[in-house]
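Note that the chains are named A, B, C and D in the order they appear, and that numbering of residues resets to 1 at the start of each chain.
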Amino acid sequence: MLAFANDYAEGCHPKILERLIQTNMEALPGYGSDKYCLSAKEKIKQACADPSAEVYFLTGGTQANQIVIASLLASYEGVVACSSGHIAIHEAGAIEETGHKVLSIPAKNGKLVAADLANYLKDFFADSSHEHMVQPGMVYLSQSTEYGTLYSKQELRDLYQICQAYHLPLFVDGARLGYALAAKENDVSLPELANLCDVFYFGGTKFGCLCGEAVVFTHGAPSHFVTFIKQHGALLAKGRLLGVQFATLFSDDLYLKIGENAIAQALRLRAALKEKGYRFAIDSPTNQTFVVVDNKKKEELAKKVWFDLWENLDDEHTVIRFCTSWATSQAAVDDLIAIL
Amino acid sequence: MLAFANDYAEGCHPKILERLIQTNMEALPGYGSDKYCLSAKEKIKQACADPSAEVYFLTGGTQANQIVIASLLASYEGVVACSSGHIAIHEAGAIEETGHKVLSIPAKNGKLVAADLANYLKDFFADSSHEHMVQPGMVYLSQSTEYGTLYSKQELRDLYQICQAYHLPLFVDGARLGYALAAKENDVSLPELANLCDVFYFGGTKFGCLCGEAVVFTHGAPSHFVTFIKQHGALLAKGRLLGVQFATLFSDDLYLKIGENAIAQALRLRAALKEKGYRFAIDSPTNQTFVVVDNKKKEELAKKVWFDLWENLDDEHTVIRFCTSWATSQAAVDDLIAIL
Amino acid sequence: MLAFANDYAEGCHPKILERLIQTNMEALPGYGSDKYCLSAKEKIKQACADPSAEVYFLTGGTQANQIVIASLLASYEGVVACSSGHIAIHEAGAIEETGHKVLSIPAKNGKLVAADLANYLKDFFADSSHEHMVQPGMVYLSQSTEYGTLYSKQELRDLYQICQAYHLPLFVDGARLGYALAAKENDVSLPELANLCDVFYFGGTKFGCLCGEAVVFTHGAPSHFVTFIKQHGALLAKGRLLGVQFATLFSDDLYLKIGENAIAQALRLRAALKEKGYRFAIDSPTNQTFVVVDNKKKEELAKKVWFDLWENLDDEHTVIRFCTSWATSQAAVDDLIAIL
Amino acid sequence: MLAFANDYAEGCHPKILERLIQTNMEALPGYGSDKYCLSAKEKIKQACADPSAEVYFLTGGTQANQIVIASLLASYEGVVACSSGHIAIHEAGAIEETGHKVLSIPAKNGKLVAADLANYLKDFFADSSHEHMVQPGMVYLSQSTEYGTLYSKQELRDLYQICQAYHLPLFVDGARLGYALAAKENDVSLPELANLCDVFYFGGTKFGCLCGEAVVFTHGAPSHFVTFIKQHGALLAKGRLLGVQFATLFSDDLYLKIGENAIAQALRLRAALKEKGYRFAIDSPTNQTFVVVDNKKKEELAKKVWFDLWENLDDEHTVIRFCTSWATSQAAVDDLIAIL
């Protein structure tokens, strides 16, 4: 089977595995206080060009979203997100579990639109009964989005300006940030992103690590954040597992190189699809490709390719998703193209 | 530095690392549905001699305690534990975070005593205002305990009988179960333990894995437990990381062999300490050794050994803890003995 | 000022006040175990023609919604409601505070439509990743709705049938149930309502009581519901305050008579509005009247009438709400009509 | 039956009832914004001699404890209380329901002792693993206590000084504050109490009101506290019910006079008990009297008196509690004395 269903099918990048092997028998202090965690934090701060940033490691994306959001909101506050946001739909209520409402705004192209956010906030505070409603306490978005789309620098600037005007922290879910950075269309560098939000995470799980997300607070972390992580069952005893991986990912620009392959393969795949006359459901510039196929073709492909069912378009057509990743080989894409 | 501070200082057991390397580039389905997770579950059920058990993998001990307990309790119920229980003190309020009180009963030798549990429950239900109090909803204990002590088969039987009489599930925290099973004094086999509780976990983090705890429900798991795990931010995308590790740990009796070394080294250390006239603060038969040292000796040792400060005994003496593990070498113990 | 802003502006109905005075110095047991609570429960069960119903008293509507919903849902479940539902917007996140998501379905005329519910549930379970999403655990609706509209018997039957097919309890928020029962268009009697849901409450706060909602479980209450109420800070020490009020409201059909006046006055008001050429924003058959006024008229009215601003329709028009209640006098309506 | 079981058996004080009757048909704005609430707040601030205090009304004691504590703590913090504190035992886990641990310190005479608090805090922060534990976030005590005992001004000063040194808000549960103020032994006036803590509440439920507790923040209330109250289901629509009661209680020193009767009757009762040779279980100077009776006497009394069973002392003796209140008549105490 050709594996194009997602970007977390394989283990970890060979260079990361190599470092895990090399450091395996070192005796290190626990809970993220080891030298690899410290080194990884430094390297990430350098990559962000933000020496005063504070970096913490968590294990997965839903966990990172849950913990960052819960740590920033007051009890009576909710998080504003677009309706297709991961936290709004696919996290089994992890945000609500911590007592907070996801305040949804209709998405456009998988994105939160600045004008929509501005209108929502204006209307909210104009409502004389807003004291009886959930207070907006922060704003959440993903780069790249669930649909593989990207926020431009101007879009981020506009959103962040609104957030700042209302004193709402902006949180960027970067589960696929590595793929966003590598996209040709992307015009937001890592330091620029760090500068246009209050906290973001750089996802490792979908980007060459066995697990792990690096949370970066650019304007100070909440107090006692380690205790907060522990309280939420998310403090890894062997923090080294995350430290070694991120220290490697952020050495020798590995975090930039890994994405290049994913994007290059995605572009080859999309070019072939276009040539063969396939229609794209969404115009994604990153590692996810959303194609409309008729259901007969879908069945046929399913025998040889492992892909993701995205949406039933109508009775005869389905949107399917192909993901490329750091692990996708040239040969696999060739094989896929051959049977499309 | 000689590393005796804890049992989670190194990475993972070489055999586990080897399997992670071998399987690294396989493309596998996510969220615990891969073949290694399935195989690991089968092996664990066999080791427990309980074909109908249900096994789930989580990342760490506090997470396992939090999720298992929250999944079994009704909102108005609390978990009964002895006062020195890990959940009562060292989990930063992870149980309370899910809305539940830890109902503490004074510990004896680190253990919950059956007679104390019986009295607590009798008194609780005899109190005419018990409807205004937190209802006991389950019972928690650790094998081995925080103090390295062990429950005998008879003690477990007595406790479980009380639990069953009151319809309270019994949950055994097995963060160090591997070390308990290997202890000479232990008379509770894994199948016996499985048979004397409703749910337990076999800890991997402290027992040769990079991370991971295998939760075993012996009388059925809560419905939608995977959704529950996801909701608590604890569902690993690359479940394979846990599956491969546990499948290896439960192959060729590795889970039994790993503990043997830890116990053998602990016994050598304790024999030497005894010979040198040291006093033990607690009589632990497992991999943890609690010794009373005078503070001058403590300072001296601290230059060469990495140990754990357990408790200030008085102005001149301290209780320190030495841990052995699957990773402790004969040579390291020799070196430690030489400087004691 | 003429008071038409809401239906909770005055204290309590004179007959209820009279009974509070008469019983004031009686020494009674606390926490809802007094004879008036018991008597009120019996009367309500009779009015519902449901001898096996279980009745509990709470203080307010948001509290009743929060506690009933939290008591019925498993942790990983949410409550389905239409988008204009009180719990979805106007309860400051009280549902989320207990860890649950409100799963919103677009409202039509303030109501949840059976076909929409059926589609939502069908799609949810057809989604292969639904294990990663909040499970629908119950359905919520209001009779009458936020917009004063009513569910017909057939609509309720259709909704309840779907709920039963999916094993989802149906909960009816009856904060304004008294007004619904009195409406001419209403074809759902109290016994019929009790028979078409699993739990509902009969609101006293907006219907002649100082405070209080009577929660009626028609298929059994959750276990330890009193402890659950206490745990949520909602168990009144002097439960008599609720018992005496509801015992009076359900004596001599007072709960039926009170609504008659409210509806009669609302009908008079609507007839006059219609005659004067006003447009209604929503066609409400109950005690709430939603009228479109131009902004000049709005300012003019605001000097003499206390009404509720519902919505800005456009730059020149506003929807305002007039409420009648048990306390609205014929004279007040005459005065209001005179200045419209 | 003579009613001495508790201090919340009757309805409300006649003067309060009278005002409820007089104001009943006034149309007033909701949710605590009516003129009676405003007036009550002013009167309470005057009684506290603290013009900058912020006052809010809640319905009951457990609710007040839950909401005040949850509003002041960060997620990872717990509330320090003595082991016999109401929140530690008799609130069905209301504090834990909001995610917080009650950090118990053994009580002496029902009170938290300053030296014990100081030691607890010193030890906590000296523990190198305290980051893995629940952080103490505030301190709770009751005046008078569960056992009817009183903190002296010096005791409160000592406690408050420690709290301030550790930046922990001090919260005084005043469910029975009215009785404390009236006690002969009391040396803490209301303005002094307000000055020696950060927030307290003056209980109405046990002190002449139908329901209601006045929460007084002396150093600023948490932001959006009304939204917070609403989110917890505790915002009464007819806030007037609380406003009218407290405005009356704090008019013409009614709150001082009401307690006088309770204390006078308690003193008469205790003098008679002493004379008859009864032993007191606790030396309470307030409205609660704890007497040791042999079980035969207990049975005998139970036929004529409604009292509270406090504790089984041994197989032959029981501690019972007699409460007096604003409602206790001279004649009832005479009757009780006659049969003791």
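Heads up, the rule we're going with is that a contact is a pair of C-beta atoms (placed from the backbone, for glycine too) under 8 Å apart; a residue touches a chain by one contact, two chains touch by 3 or more.
This structure is a prediction, so every number in the text was calculated from the model and none was measured.
S.K.: Report the chain whose mean Cα position is at the greatest distance from that of subunit D.
M.R.: Comparing chain centres, A lies farthest from subunit D.
S.K.: Quick check: more C-beta contact pairs in C-D or B-D?
M.R.: Greater number of contacting C-beta pairs: C-D.
S.K.: Could you grab the centroid distance between subunit A and subunit D? Build each centroid from C-alpha atoms only and quote it in angstrom.
M.R.: Chain centres of subunit A and subunit D, defined by C-alpha means, are spaced 50 Å apart.
S.K.: Using the average of all C-alpha atoms in each chain as its centre, how far is it in Å between subunit C and subunit D?
M.R.: The separation of the two C-alpha centroids amounts to 34 Å.
S.K.: In whole angstrom, what separates the CA-based centres of subunit B and subunit D?
M.R.: 42
S.K.: Which subunit D residues sit where two or more other chains touch them?
M.R.: Within subunit D, residues 75-76, 91-93, 97, 99, 131-134, 227-228, 230-231, 235 contact more than one other chain.
S.K.: List the residues on subunit C that touch subunit D in their complex, please.
M.R.: Going by the criterion above, the answer is residues 1, 3, 5-6, 8-12, 14, 17, 20-21, 23-30, 59-67, 91-94, 97, 205-206, 210-211, 227-228, 230-238, 240-241, 306, 327.
S.K.: Tell me, which parts of subunit A touch subunit D in their complex?
M.R.: Subunit A reaches subunit D through residues 31, 70-71, 74-76, 99, 131-135, 223-224, 226-228, 230-231, 235.
S.K.: With touch defined as at the start, can you tell me which subunit A residues reach subunit C in the complex?
M.R.: 75-76, 78, 89-93, 96-102, 128-129, 131-134, 309
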